[in-house]
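Going by the order they are written in, the chains are A, B, C and D; count residues from 1 in each one.
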């Protein structure tokens, strides 16, 4: 099995030489390498895919000692991530995840699905995935999120995927999963932030509608963007036909983003992403 | 030469039968027909392209008498429009118009170019088009626009094309050319309204940049959208490389919109357009 | 429920006036109308969507009497089509159909799934659709197709959808379902006709891969094209990652084509289609 | 001014470490680095952009001594390429090059334009570029190409750009400019190889037309593909309107390819390209 090395730090002279020399010394094969330097902010990003026998701790120590003090370094086996999917009522993003998972094409293991409506339980069960219904009615957000959090903690997921989960998560909840929550927003952000983006798009008379997959931070619809896709529309589209056309582009945008995230190809830099596609 | 009939009115029973029966009675050939009914607002739109001998006044009278009272009806020869191009300093949209005009592919006759900077005079002159430099320095907007208006009036254009004209036109000016001014905005509206959209896009970290061609109304960047196009970007783009990539998509979006407008395929309905592409 | 009128005939003067006058006389509402005249071949195509009380036989007779002798005319209720899906081993197109069917978004009723491999039976059963396994081993094509034909005939479908059915159908079989079999081919036809298009694409070093939905006629991969879509690739793609990227574009191309076909928006003209999208 | 290092060789252990260590030892800054290993063929490709004081000969020697014997290595200043443009009668690709050159956005210096028709001489002269008319009538291909070759040799260009040059070049001519001739073909190769691709596309009834920029080798339309783009069409397109729509996508495809080629981001590997976009 291959290994993934993820490095983010201040830029400095000789970084690539130092890193690759350490790896070479240990007889490691570099199967794939991508690096990027943000010249404006002087940040360095590198993703390596390695093969061969690797002692993570030893490599980690040696690499860290040759990197700037602010370095973030992760070495891990290249293996499927554990995820939890949160949904509400719409099936199209959840079904995409369930199907690709079922046929071994998701590069992730779905531990469970949590939804604040019951209607997707049947679909989820068809694919043998545990489904937790957490009603949000007559509950404070605090209580609602506490119930979700308990289920989440019991599964220790690498990522939470909001597959059209239509509740806004509190800053407290979000901060527990920094850069670990991926959301699909049904518009081409930053156009049409907030509720009913398709109605907003319809009323503005746009000629394209879009979808945006992004990490969730504390500000609604403001997190780092991972992928965006669009689909053309014209005057004959109603709000309803926009929603329908939007479903297909939403699920594709989400799945494209997750493919990158689960393969450790996405770095967060402030409110942006560096994506080694 | 063919004829174009443009009809917009309230929807009513038998409209298509009435219109086409009148045309048939006069022995006119329908070369092309498109119609659309906005069910929500109960508006009817039709574009016809006709061949044969046609007395515009007679047809106009007969059609009007069979249409609802609020009908807007235009019958015209299918011939190139007369246009004036307004520019500032950027060449890429103006050159697109000049070139396609020079080689007979614009479907319009450029009467002159008006710019508030001098640098595009040389390019314009290469193609034998009159160039008017109207400086905006040390002038009120009123005086500036009066100078432009005098040149415009002398040429009685069908359309004004803002080919990256970076001055905001006053409501007074705009209202003289209702649905007759086409602008190219360098973002995917309504994202990044206003100044420096590429800087805004860069700072937001979007993964696509776009361009929007629209009719100009009194509210900046708020007019009816005609066409929109996008081009993918990634983390490696600076503001400058976004601007450069944007140039190509801006000119393509503008030229695609003008092709539709000059061929009378665009109707304005409130703040939206109906486009028979 | 609305009605759909489908007309294809030689072009003639007054066709639109005649057709719409007949409809008006009967008090029918035209909800939507699209027409197209192929000037080169002098063919006329029209699709109407009507509301109101309609006697199909009466309208059919009156319309036919006013149309050229070679007219093909169909009047039908706008209702979901009955279809049978044929598959082999790949799940991605079949699952798209099953899911959209399950959630009422397919505009068709899947009568059954027929496959020449067993592996998709489980998936199909999850959604409560009958699954018929028709083995092709140790059988002549004649016998194999006879077995399929018996199942098909028992369900009298409007359309057969080949959702990655990898067997070539005989001219005899195809001719029984003229313009009624929709196939998804995994390349941008006419590039890469025949077997292993992704391997062909890989070996040619193309920068985009595509998919083509088309009606099946007697010549392999030569039928009238309905929709085509592409997805960019680069040098880092293997045959396997092209296949994976191709899956998503294949199912989207197929579903987009079926949306048009099931809504009676596609006419076949020789080896081409006229599509009122 | 920055420097570009281009390396292509067999893959071997420690290549990146060796290369970057040599550069680090000489105090060179790596501004940008991209590498790719073709696992199937075991080929290694690297592009580096360096800043700082660099002695090309010294670095070249040290790098070569640490690379496999079959290494191709080029170190050059990052500066505009010298090019010659060959054209026939169509203006749209040539004008794109002339305009971007005129406004300093081509990243190349156009030494001259050679055409086998006279009509583009006027356009070329507007931009102050020498124009050579080389008639192909009543001449053997040998003589025709000899005349072109003399003009070319007098300018020692880095690249020849075939901007809709509609004559097929002989293997002798092509072999003198290995991987140095970029052509724009007006179809989505390998669909519609040869003459009149738009007519072929029209007759096949495709729903998208495309363009392909590629290096020219000895087999017509068979060289390594650099970029491909498409534009949607429908049944209403004639051959003529396909040609017109195709013009815009052809020039964009060509200019996108040249941007990559002139920035040394394209490697040729057999009949394919590796593109560090």
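Everything that follows uses one rule, which is that contacts are C-beta pairs under 8 Å (C-beta built on N, C-alpha and C of every residue); 3 or more make two chains touch, one makes a residue touch a chain.
Since the model is a prediction, treat every value here as computed from it, not as a measurement.
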Open item on the list: Per the definition at the top, count C-beta pairs in contact and tell me whether A-D or B-D has more.
Closed with: A-D
TODO: Superimpose the Cα trace of chain C on the Cα trace of chain D, which carries the same sequence, then give the rotation angle to the nearest 5°.
DONE: 180
Open item on the list: On a CA-centroid basis, which chain has its centre farthest from chain B's?
Closed with: A
Task: chain B against chain A, contact positions shared by both copies (same if over half, else different) - done: same
- [ ] Could you please state the distance in Å, as a whole number, between where the Cα atoms of chain A are centred and where those of chain B are centred?
- [x] 41
Task: chain B and chain D, separation of their C-alpha mean positions in angstrom - done: 36
Task: Overlap residues in chain B, where contacts from two or more other chains coincide - done: none
Task: In the complex, chain C residues that touch chain A - done: 91, 95, 99, 102-103, 105, 123, 126-127, 244, 248, 252, 255
Task: Residues of chain D defined as touching chain A within the complex - done: 13-14, 16-18, 20-21, 23-24, 27, 29-35, 37, 39
Open item on the list: So in the complex, the part of chain B that touches chain A is made up of which residues?
Closed with: 36, 38, 40, 188-192, 204-208, 210, 224-228, 230, 234-236, 238, 269, 271-275, 277
